[in-house]
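Since the structure comes first, as C-alpha cells, the remarks are kept for the end.
Each chain carries a letter (A, B, C and D) given by its place in the written order, and its residues are counted from 1.
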C-alpha cells in the first residue's frame, strides 16, 4: 500500500501550511486521532487555493498533498467529479483496478488504490477530501453574503 | 428413581388432608409450581400430627407421605435428627449409598436416595420437609404464648 | 399394517439433515437413541456451525475493528460479514440496523432501557403506558415491569383466551391508547405455539404513535422472517434456537430510531470520541455494542443462517407444519391428554404443550427421559400462561427441521408408558 | 555472537506451549510467520478450549436449569461446573459470587446500573460521587459518565502522572470523600501497563464507606488473582483475553452486596416467580443472568481456566515478567522510541505502548504487519491517556504465555525497518 508516490507526498507535502481562505474547517478521525485544518479560497467558482495543516499518518498526510495538487486551479464542478471518483476508488475494497481513464482524472491519487483494501485506513485517505467538501459547501454557501476580506472560520468536529 | 416405595406412597398417601394444628405454612416451589399446605400439632415436644394438602409431582407428594409416617409420634429433637439425615441424603448427588444405620433412621425415605442424582428433583423431595421445619419453628415459638384452640395460620410463600 | 405416516407431505430429507447434527447420534440411559424434542428451549448445532467456530479460533481470532494487522482485518470482515448475512436473512433494509447482543433477553432489555432514557417523543415515563401480553416469555415481561417500576409508567397487557390459546384483542382500543409508547409482543408463543396477529396490533400501535417490538425468538428459527413485512420498529431473536451458538442474540431496529435513541451499555467500540468530561457515540449498530462483541458467536450465527438458507426457510416451515399437524393429531388420541394452546396446525408454531391427566409434568418428563425422549416440563418461562390455565406446569414437545414422524410416534408410545407407570 | 537472550530466567517452555495454539502456526503476507503481539486486545485460543467447545455442541448442548432430561442435566452441570472453576481461579469465598456476563464491559455496566437503581446505602444519586481514574479503559469510563448524567451524581477521577505513567494519588482524600459511593479503577492498565496500588485506594474507599470495583481485565489472564486479597467489593474480567472464547465475561461480587442490590437485565432464569403484576428474583448469581446464558462460552472459559492453572499462574507471571523486561530493554535501544508508561518491568503488565519519532502509529503498525508482526495501534480504548500525553495514538506490543524473546527481536528488527522506510 505504501506506493512511492504516497511516500513522496508524505515526505514532501505540496501546498502545506495555512493561507487565507473563504472558509476553514477542522476535521478529526476520532478512531485514530488524525486531524486536519483546511481552508479553501475561491475566485468565483474556481479553486484559487486549498491550504492545510494537520497531523496524522502518511496516508492522511499524502492524501491532503495530492488533493492540493489535483484541485487547485480547477472549477468546483470538476473538482467535485474528481472527489467523487476518488471516493468511489477508496470504497472499492481493492476491487477497482484503476484504468487509464481513471488515471487521467486522479493522476497521483490512483496510488491510493491499494489503500482501499484496508478498511481501517480508508478513513485516513478520505479525511482531507471530506474536509474539502465541507469547506467548499461553507465557502460557496457564503458567496451569497457580501464577500468578506477575512476568512470565515468554522470548526466541525 | 421411581422406586416402588415412592410410587406406593404417591398413589396411597399416608395422613393426607388438613386436620387441626398449632401452626400452618404454605410452601411453593416456584420453578415447578409444586405446592404444599402443612400443619403440625404438638403435644409438648411430641409431634401429635402432621397433616397436609398439596399438589405436585410424585416425588413431592410421596415425600410428604413418608414424612407423615416418619415424624408423627416422634419427639421434636429426634424428628430434627431425621430431617437432618434426609437433607444430607438428598444433597449427596447420588454419592451416599444408604447403609443399615441410615435405613434405621429413614425407613421408607431411603428410597429417595436415587432422587438425589437429579438436581432438578431434589427440591421436590425437600418441599414438605422444609415446610415441616418452618411450621415447627412457628409452633414451638408459639408455645410461649397461651395455647389457643384455633390453629395458627401463617403463610410463607 | 398401514403406514401411519402416509399422507404427510412437505417433509424434508431428515435422514440427510440429521447427519449434519452430531448430537443426534447420541445414546442416553444405557444406549437408548436420543429423541430430542426440546427445540423451543434450544436447537442443536450442525457440524457446519461447529466447524466454523473451530476455524475461527484456529485461524482468524483477533479483536475486531481498528486493527491494522491481518488477523484483525480478517476477524472484522468475518464479524461484519455475519451482520450482512443476518440482515439479509430477515430482509433488513440496511445492515446497520442489525445489532448483535448476547441473547434475545438482552435485545428486549436493550429496547426497554433505550426508551427509559430516551428524549421525547420516545421517552417512557410516568405519563405513559407500556403494552405487552399475557403470553409473553418472562424475558418480555420482567424488563417492562422493571421499566414501569423505575419510570412510573403503567404496564398493561392483552389477556389470553384459554379456550383456544389466542390473544383477546377485543379491547384493543382501550389497551393501546394515545398514552402508549411501546407495544411489545411475541410473534410465536414458546409455550402455546400460538402465532399472533401482527398486522392488527401493529396498525393500532402505529395509529397512536407507539413503537412496536416483536419477540421473534420462536419465529426466526422456523419460518421466513421479513422485518419489513412485519412493519415493526424492533425485532428480537436469539442464536441458540436457530442452529447457532449460545451467547449471541440479535436486535433489529429501524435506522432512524437507532440514530435517535440513546445508548444502553457504555464502553469500548460504542464510542466516537471519549474525554474524561464527555463522550460521543458511534453510529448504530456500534452505538449499541459496547465492549468486545461475541465475535466467534456472531460468525457462528452467520454460518447457521447460511445453513438454514441452504435448506430453505419455506421448506423448513412446511416440514414443521407437517410434523406439527401429525403430532397434534397423534397426541389428541392419547387418553387424558389435553393440548394447552391451539389444536390446529394452522397459524401455530411447532411447540406443543399439554397436560396428561393428573400426572405432574415433572413425572411425565422424567419417565419420558428414561426412554431417551427429551421434552421440557415446567412453566417454560411463561408462568402467567400457566396461571391463566390454572395449571402448575405443562409438558412441551417442540420440533425442528430434523424432527421426524417416527419421533412423534416415540413420544406417543412414551406417553402410553407414562400413563401405565402412574396409572 | 553472544546469545542476546542469555540471562533471561523464568521463561516457560514456549516450544511446547505454542503447539497448543493452532493459530500460531499461521503464515501471513506470503508466508511470513505470524508474530502475534496483540494479546492485550485478545489472546489466542488453545486446542484444549476449542475442543471443549466442539464437544459441548456435539454431545451436551441443551438449555440449562430446570430441564429433567439428560442433556439438560449434563449441560447444567457443565455450566455450573465452569462457575466452580472460575470461583476457585479467583479464590472467591463462594461460587454464588461469580456472575457470567458477555464481556468485561457488561460486568462494569452491570455494577453501574445496580448502583443507579439500588436503595440506600448503595444508591448513586445527585447527592453522591463516583470516582474513576484517567487511565481507565473506555469500558470503565462511559458507564460512569452515563450513570452520572442519568442520576446527577458527580464523576471525579484520579489524574495520571505522565512522567512515569502512574496514578497521582496525592489528593486521595479530596477525590474520595464521604460522598463517594463507588470507586472503580483498573488493576493493570491496558495502554500503559501500569499496575495500580490497590491497597491504598481500597483502604481510603472503605474508610468512607464507598464500594470498590476493580477492572481486572488485564490482570486475570496474567497473574494469580485473589479477590479476597484484593479486598474489593466487585472484580470484573473478560474471557477472550485469558485463552477463553469470545462472548463471556465475569463479575465477581461480595455475596451480601449481590443479595441487596437490584437486578439489571430482566428475563428468564433470573426470576423466582412471575405474575403479570409483579415478580420476585432468584438468588445471586442467577438474579443477574437474564435469559439463556452464554453456556458453551462459560464452559469454554472453564477449560481456559483449567489450561492456565495446569501451567500455573505464578509461572505465567514470571514468564511475562522476563519477556517484558527484555522487551523494554530492547525497545529502549531503538532510536527515537519513547515508551509511554512505566519503563521498568517491576509492577507493570506486559502491554508496552510507545511512539517512534514522528512516525504515526498507523504507519508503524501497518509496516510491522507487512512483516507478519501483529501489534495494535490507536488509543486502545483509553483516549484520555493519549490526551494527557498529548499524542494521537501509540503502538502497543503485548505479550502472553506463548510469547518468546525471538518475537521481541522480530519486533525490534521490524521497528528498524519502519524507521528506514519512513526515514
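The criterion applied here is as follows: a residue touches a chain if its C-beta (ideal position, glycine included) is under 8 Å from a C-beta of that chain, and two chains touch if they have at least 3 such contacts.
These numbers come from a predicted model, not from an experiment.
Taking the mean Cα position of each chain as its centre, B sits at the greatest distance from chain D. When the interfaces B-C and B-D are ranked by C-beta pairs in contact, the top one is B-C.
Distance from the chain A centre to the chain D centre is 39 Å, each centre being the mean of its Cα atoms. With centres taken as mean Cα positions, chain D sits 48 Å from chain B.
In this assembly, the C-alpha centroid of chain C lies 31 Å from the C-alpha centroid of chain D.
Counting partner chains per residue, chain A has residues 31-32, 118, 120-121 touching two or more of them.
The multi-chain contact residues of chain C, meaning those touching 2 or more other chains, are 66-68, 72, 271, 273, 362, 366, 377-378, 383.
Listed in rising order, the residues of chain A touching chain D in the complex are 1-2, 7, 10-11, 31-35, 55-59, 118, 120-121, 124. Those residues of chain D whose C-beta lies close enough to touch chain A in the complex are 360-363, 366-367, 377-379, 383, 386, 391-393, 421-422. Listing the residues of chain D that touch chain B in their complex gives 66-68, 72-73, 76-77, 271-273, 280.
The residues of chain D lying in touch with chain C in their complex are 22-23, 26, 28-29, 34, 36, 38, 41-42, 44-45, 49-50, 53-54, 57-63, 66-72, 102-106, 108-109, 112, 117, 134, 137-146, 150, 155, 157, 238, 240, 245-249, 263, 265-271, 273-276, 278-279, 290-297, 362, 365-366, 368-369, 373-378, 381, 383-384, 387. For chain A in complex with chain C, the residues that touch the partner chain are 28, 30-32, 118-121, 157.
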